[in-house]
Amino acid sequence: MPITEILFWALSAAAIIAALLVIFSKNPVHSVLWLIVVFFAISGHYVLLNAQFLAIVNMIVYAGAIMVLFLFVIMLMNMNADQEPNKSKWMKIAGVLSGGSLMLLLVASLKNSQAIAGGGDAGIGLIQQLGKTLFSEYVVPFEISSVLFLSAMVGAVILGKKEKNLTEADSTN
Amino acid sequence: MNGMIKFGYLIPLLPLIGFLINGLGRNILSKKAVGIIGSGVLIASFVCSLFIFNQVAAVGYKTQVLFLFNFIKTAGLDIPFSLQFDQLSALFLLVITGIGSLIHIYSTAYMHEETAPHFARYFAYLNLFVFFMLILVLGSGYVTMFIGWEGVGLSSYLLIGFWFGNNNYNNAAKKAFVMNRIGDLGFLLAIFWMLSQFGSVTYTGVFEKANTIPVSVLTGITLLMFIGAMGKSAQIPLYTWLPDAMAGPTPVSALIHAATMVTAGIYMIARSNALFTLAPISQNVVAIIGISTALLAATIALKQNDIKKVLAYSTVSQLGLMFLALGVGAYTAGVFHVMTHAFFKALLFLGAGSVIHAMHHEQDIYKMGGLKTKLPLTHFTFLIGCLAIAGIPPFAGFFSKDEILTAALNKSVVYYILGVITSLMTAFYMFRMYFLTFHGNFRGTDDQFSHVHESPFAMTLPLILLAALSVIGGWVGIPAVFIENGHLLADFLEPIYAAVQHESTGMHLSHSMELIMMAVVVILIIVSILAAKSMFAKEGLKEEESSTFGKMLENKWYVDELYNSIIVQPVNHISSFFSRIIDTKIIDGAVNGVGKLIHFSARQMRLLQSGQVGSYVLIMVISIIIFFIFQMFWKI
Amino acid sequence: MNAIIISAVWGVLMMYSGFLFKSNRNINLLSILGVLILIGVTFHEFASGMPLLLIDTKGMLFHSNFGLVFLLIILVSTLIYFILSGKDIQLAGKSSSDLYALIFFILSGIAVVAGFRSLLMLFIGIEIVSIPLYVLAGSDKSNLKSNEAALKYFLMGSFSTGLMLMGIALIYGDVGSFYLDAFSTGFGVLTPLKAAGLLLILASMSFKVSAAPFHFWTPDVYDGSPSVFTSFMATIVKSVAFFAFLTLFDFGFGKMHDQWKTIVAIITAFTLIIGNITAVFQQSVKRMLAYSSIAQAGFMMLAIFAINTFAKQGMLLYFAGYSFATLGIFAVLTKMKDHSIDAFNGLAKSQPIIALSVLISLLSLAGIPLTAGFFAKYYMLLAVIREGNMMWLVILAVLCAAVSVYYYFRVIQAMYFKASASETALEFDPNFKWVMLMNAILIIVLGIHPDLILNLI
Amino acid sequence: MPINYYIFLSICLFSIGIIGVLTRRNAIIIFMCIELMLNAVNLLLVAFSRMHHAAAYAVDNASLVGAEAQIFVFFIMVVAAAEVTVGLAIIVMLYRNIHSVDINFLNRLKH
Amino acid sequence: MFAAVDNFPALLIWLPLIGGILSFFLNDAKSAKSSAIIFSASSLIVLLVSLNFTAKEFIALNQVSYEWLTSIGSSFGLYLDGLTRTMALLTAIVFFVVFILVPADQYKDANRFYGLLLLAQCGLVGVFLATDALVFYLFWELALIPVYFLSSIWGGEKRIRATFKFFIYTFIGSLLMLLAILYMYNKTNATSFGLGAFFNLKTTADEQFWLFIAFFIAFAIKMPLFPLHTWQPEAYEQSPTPVTMVLSSVMVKMGLFGVLRWVMPLFPLAVKQLNTAIMVVIAIGIVYASLVAIYQDNIKRLIAYSSIAHIGLMALGMLTLKEVAVVGALLQMFNHGINILALWMIAYIIEKQTGITSISKLGGLAKSAPVLAIFMVITALANVALPLTNAFVGEFMIFNGIYQFNKFLAAFAGLSIIFSAVYTLNMIKNVFYGEANSTTIQFSDINKTQVLLFTVLTVLIFFVGFYPQPFFDLFSDALGLVLTRYNS
């Protein structure tokens, strides 16, 4: 068994187990940590797939920035303890069943796909190539995504600004 | 078109004009003016009729049709509005306008108590009736006849309910109209059938082709027509309206419910003799219905105490005899009896009217008696009428009734015997009424008695004239037994039946045999008159009826009750059931149910909107799964 | 293309306008000016066929006439929205300039969606529209309903984004490209990958246009959000989502039409039934309008089902008719404290002009002839009939239209046939009245002469 | 390595994410599960990128086919970052108001 | 003179439309009333002038078409032939009478009342004149909406529910019709909505079947035919009587007209296939409605059920496909409009004075109001189709056709003749005859204007009953398209 295959199976197993732990951990902090494990495993896959740049970005952006933000919020809310009341049993069963059957369905319907042919690579996953493509072919979406950030930023500011007098303006619906 | 016939349209037009003037000017015209106009137009019409009759009676006269305008001419229908002048219509013209005139004159006095507007309304209705009756007999086709047919029904309705303040009268009017309508539906269907078979509804158009049509079809058509005749001429089973129709003013009863309108059915069948002769089944039906009605009505009349009711049932009975005549193919006899009956029945009604007038609207014969002295003229004319209807020679009724009986005998002995029994009963109940009214002691209050007085001239004049006619009216149809070729009427009417070959079946009586039978009948009649005299001439107060049979008769065989329970009540119940249950609960309930269903499903469906994100997402995922299954694995 | 840049820039300008102007009125005027400029620029591009600034997008964006007309309709709706509801935006949040900025950013996203030819652009465009909307939904921060609406919207919106991305990935796996015109390779046969991707994208687009059974967020979010933004979401944003839906399924999956139309028909049927029937029971006009927007989405789904000339023409008409009418009703609703149907009692007496305008708007929504709504529905039905073989769907649509009359007319009955219970009459600004009337007249004009829009394409 | 494996793997992760969304009540965890779904998509895109690139490389060894998918992944990350900003802001805002992030308490709006 | 003639159809649309819109801007009730009278009178005059032309010379001038919605192939096509002239004449008469009859001060916001009525007139005339299916549909709805508002604003206690039921019921029907129209339009390759274009379509029997059903349901609801009739008694009862006059004199004719103008020419195969079954249902409905009418105590409901029976009879006549019955039905459409208008006027006058609509609470009116009683009797006679009234001619021809179609059906439907006599006479008896009670004794007879209106209607009743030939001449061009496909 070539090393890549061993790595593939190992990373896959890690990713899936960690993912399962994400959703089954009682403690939100644990969930966050397990999610970071998943991201690391996925980054490993990226490396295996010759997407080195994305592997790094994934670690920096997701594991580094986003998950820290999550962790930060969880800490802020002081939710490190297990305080989530259980969802009703039926809801859980229904959720697992439907999610599982969706998986089975997708797998069943996509089982006849071809293999990745050949092993050559012109190095598209490297930062140089990607940078070139991004700033030549994809400069317009890149610029446009700035609007996205701008609006996210404005939005976060609007929502985050402290406002006084909280009223229970909750009438009957 | 020549002679007077060019102006034939005047005959119906004049009463119409009278109707319009009296109707529209009812608030302006004085009673006198109304009376003059109302009677005047009829007399004028009568004069015209005389001219026409004169022309028609001329030898070699050919039927003439006066075309007025196209009534309906489109889409394959060609129905002209035209008048036909022939022997039959001319005869009826005379009867209608003649008796009509007399009754108009009579009415001027009889209705004098009414206020001017109502007086005018009365004359307007009466004129309207005459107009429609004239249209009925003059029309040259069945549609025109139908127009008059329904028109007279309308006038009858209006006149029966003339005193509209009284709801019993209104109910009687309604009953008359509705029963007539039942018959009219039959007539209408007959017209449609004729239209589809003959393509025409004019008499000429129909009769020409009558021979080419299958007998079964003719039977159907004639039976439907006869249903119409049943309604109008008060035959079983549609006769119960006529006694009730006595709610109207008495002259109206005389004119409409005795002399003219009710004979429309006879006119119709006589007119359609070409069809009936070809449909023996229908003829038999007519005869059977006729004689049954005659008998039934006669039995009921035996026990009636209302003077007008007795006359009404007698009318029904006499009409039955006329149908018997038609049914056995003796059309002339039928028409002859129409004519004589018109004379003496109008006379009797007017006489009764005179009595009622004198008695201040008392109609119960048990509350009368001994009026002979107080009302001499009325008494005398009334007696003539009774003799005429009883069939005592040489009064008018004798000849016509005799002719019917002879014709019935020709067909079947049963008809004859039943006819004779009817005649005997007729004589009996007529004289019962006569004796109770005019003989014996007065049974009303003294106050009433002191006010009894002979009627004014305007009322007695028609009585006298009609009495005269009741005496001599029969002489136009003297049977061959007495004078060979003495039957002027038969000769006169001969052209009407030209199209039909007379086929006489059954036995032919010799003259002597006929004479003997005639004598026997007359003797029997006299015996029954005497019986009536012995029973009622000295009669005191009415006795309570004890026998079941008598009660049955008194209550008119409970036919009204029967109709009420098998027709009127069910219809009302069905109507209420349809309205309350089917319409509101079922049909509308279904409609509203759709709305309720939507409301209900709205209420249920909105529960899906639970507010829980989890369940929302769950439903989304499940539906994605379903779509996947559908798209990927459900290869249809 | 220019609209993207200008609205983005104008958004920034609006952001800073809060510092520049103290008066909210001026901020509103500035926003109206911005929309007017956008309309002018877009119209210029439409009329001349050339944008002012020519940018090479490598084929990822292409503003066809169809897209430009769509954009014009959206911009005109926005203009009406700003004029009618400008004041209420300021009431909704303290920082109205920021809210305006968000709306302009959304417009920028809309302009992206109006011309996308690549899934990447679709994804970015939709996200630019969605993310500010999450914020707008929650902009009434002290209101728990608003909070709740924002979170619900956000969670479910992100979830549906996830679905869409999975779909995009699967399709990419099959065709190796994100360009729409590449999808129909392989003679329009749906491979399993493509089919799975299509279904996932269909689900997520259905979510965006609130088609059943992916509609559940709609009533809650529309109800919870500040009315003034509900109005924006229910009209302009919904139109955009539909436009994206239409473009994607026309240019991308059009060749495979026969293979997915049954599914779309089922979704359409569900949407029609659920939207119309559930609306029947609502007591709050706002929530009723939320369901009505689902119901109307059902009608617009008919166009997705049919995807033909009639569908596309009719869609534009539908956007116009639906948006104008709904904006009008919401503008009135926003100004009322009580959102129940009874609050409309006797409006015809106290405010005849407002009542008339609302009446016309409601008639248009119900699809009564001589309003824009009639021809909109007319085209939808015609498109499906033209498609053939799906008469049951048309009949269902028609029956649902009849049901819709029921709940729209409840408001009309309240306004015209019932007497007002409260003493205090609602007060409206005279200018507002006239704008409402103009809006109503616009609806009527489009109803009498739909060629005004149809001839543009 | 057959592409199927990657497809299956990312479907597994994706589905686990969905299950998480369905079974958890904590808004933050749900949001994390959504992030997990996005990552599954990213992985799949990269795998496909690799696949298409390999196919194109066999023909032309300077081909850049496949780069667009990686760019797409990049944009997904961008968008995810923006979403997280807004999403967390919303969650925090809600927490400030009701001191809970349990979505089962979000039931003021229903029917 | 002739120059103006070719604008007649457009004039008939524009006059009430302009009048209606104008009326909303008039504040004074009196001036609103007089303007309404002027506009409806002008319509009436235009029509009366148009009657002076024979069918042939008229058609050439009056098949007009204006450009509208050219991009979708619809044009504003109007057509004034014998059929539509009759119907437009009826419309004009009815509205004119209503405007004169209703006093300016009876309803609040009289200007709106008259305005909406005029708009309804515009819609009705449009329905009758349109040769373009889309235009037909638009006017169909346009006629409905003003009436809905009229009834809901000025109606009785349960008006909102009743009129809404009416509205939604007819709306469902018309939507189905719209579908059928669109289907046919699609069949023409999306080029035309014209009646002629539809006529030339080659549709299979199966298609015709469904199209027929869609159209017919719309029309049957409008007429209404049993068992789709339950909206009608309620709506008639709850609407203000002047509106009921319009509803039952003219609006129900829309359905019959639709059958003649659209259904029969376009779907011959389906009509032949289905007419027997439908006719049986209609015949049952006729007898049923007549029976239900007997039970009614409310005058308005009674007239409503009577109308259901009569309308059913006309529909029955049309479906026999016999020329005689179709012509009869055509004539009867006009006649029934006039007769029921007179009946409603009587109901209106009684209700307005006494406030009573219950038959059992009235009685003896003939004493206090003899003139009204006379007109009532005349109207009632026309209602029961007595000879020499207009209805006799029509019903005679209809029954004749039904008879040719099937004897037993004619006999069965003929039962309604008897029942109609029962309920009509009952009504007369209980309202006008008998003893007067405390309310009815104070009843004052009708005024001069009303007498005049009644006289005009009475003259029409008897004129048509006596001499219907002019109408048959008028119809000579009307049936060209209707029956051609059945004769071959």
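A, B, C, D and E are the chain letters, set down in written order, and residue numbers restart from 1 in every chain.
Here, a contact is a pair of C-beta atoms (placed from the backbone, for glycine too) under 8 Å apart; a residue touches a chain by one contact, two chains touch by 3 or more.
What you are looking at is a predicted structure, and each value in this text was computed from that prediction instead of being measured.
Peer 1: Would you kindly count the fewest steps from subunit D to subunit E, each step being a jump to a chain that touches the current one?
Peer 2: The fewest steps needed to get from subunit D to subunit E is 2.
Peer 1: Give me the set of chains touching subunit A intersected with the set touching subunit D.
Peer 2: The common neighbours are B, C.
Peer 1: Where the contacts of subunit C and subunit E overlap, which chains show up?
Peer 2: Both-contact set = B.
Peer 1: Would you identify the chain whose Cα-based centre sits farthest away from the centre of subunit B?
Peer 2: Relative to subunit B, the chain with the farthest C-alpha centre is A.
Peer 1: Looking at every pair of chains, which has the largest contact count?
Peer 2: If you count contacting C-beta pairs, the leading pair is A-D.
Peer 1: With centres defined as the mean C-alpha position, give me the subunit B-subunit D separation in Å.
Peer 2: Distance between chain centres: 98 Å.
Peer 1: Just curious, how far off is subunit E from subunit A if you go by their C-alpha centres, in Å?
Peer 2: 70
Peer 1: Hey, how far is the Cα centre of subunit A from the one of subunit C, in Å?
Peer 2: The answer is 31 Å.
Peer 1: Distance-wise, how many Å sit between the C-alpha centres of subunit B and subunit E, to the nearest whole number?
Peer 2: Comparing mean C-alpha positions, subunit E is 37 Å from subunit B.
Peer 1: Please set out, as single numbers or ranges, the residues of subunit B touching at least two other chains.
Peer 2: Residues 606, 609, 611, 613-614, 617-618, 621, 624, 628, 632.
Peer 1: Can you pull out the residues of subunit D that are in contact with at least two other chains?
Peer 2: Correct list: 3, 7, 14, 17-18, 21-22, 25, 30-31, 47, 51, 55, 68, 71, 75, 79, 82-83, 86, 89-91, 93, 97, 103-104, 106, 108-111.
Peer 1: Can you list the subunit C residues in contact with two or more other chains?
Peer 2: Where subunit C meets two or more other chains at a single residue, that happens at 120, 124, 127, 131, 134-135, 138, 141-142, 144-145, 150, 152, 155, 159, 170, 173, 192, 195-196, 219-220, 223, 406.
Peer 1: How do the chains pair up in terms of touching? List each pair.
Peer 2: Touching chain pairs, listed by label, are A-B, A-C, A-D, B-C, B-D, B-E, C-D, C-E.
Peer 1: Could you please specify the touching residues of subunit E with respect to subunit C in the complex?
Peer 2: That would be residues 69-72, 137-138, 141-142, 145, 149, 152-153, 159-160, 164, 167-168, 171-172, 175-176, 178-179, 182-183, 185-186, 190, 210 of subunit E.
Peer 1: Per the contact definition, I'd like the list of subunit D residues that touch subunit A in the complex.
Peer 2: 1-9, 11-26, 28-29, 31-33, 35-36, 39, 42-43, 46-47, 49-51, 53-55, 57-58, 61-64, 66-68, 70-71, 73-75, 77-86, 88-93, 95, 97, 101-102, 104, 108-111
Peer 1: Considering the complex alone, what residue numbers of subunit A touch subunit C?
Peer 2: So the residues of subunit A touching subunit C come out as 106, 109-110, 112-113, 137-138, 140-141, 144-145, 147-148, 150-152, 154-159, 161, 163, 165-170, 173.
Peer 1: What does subunit C use to touch subunit B in their complex?
Peer 2: Those residues of subunit C that touch subunit B are 152, 155-156, 159-160, 163, 192, 195-196, 199-200, 202-203, 207, 213-214, 216-217, 219-220, 260, 262-263, 266, 274, 277-282, 403, 406.
Peer 1: Which of the residues in subunit D end up touching subunit C in this complex?
Peer 2: 3, 7, 10, 14, 17, 21, 27, 30-31, 34, 37-38, 40-41, 44-45, 47-48, 51-52, 55, 65, 68-69, 71-72, 75-76, 79, 82-83, 86-87, 89-91, 93-94, 97-98, 103, 106, 108-110
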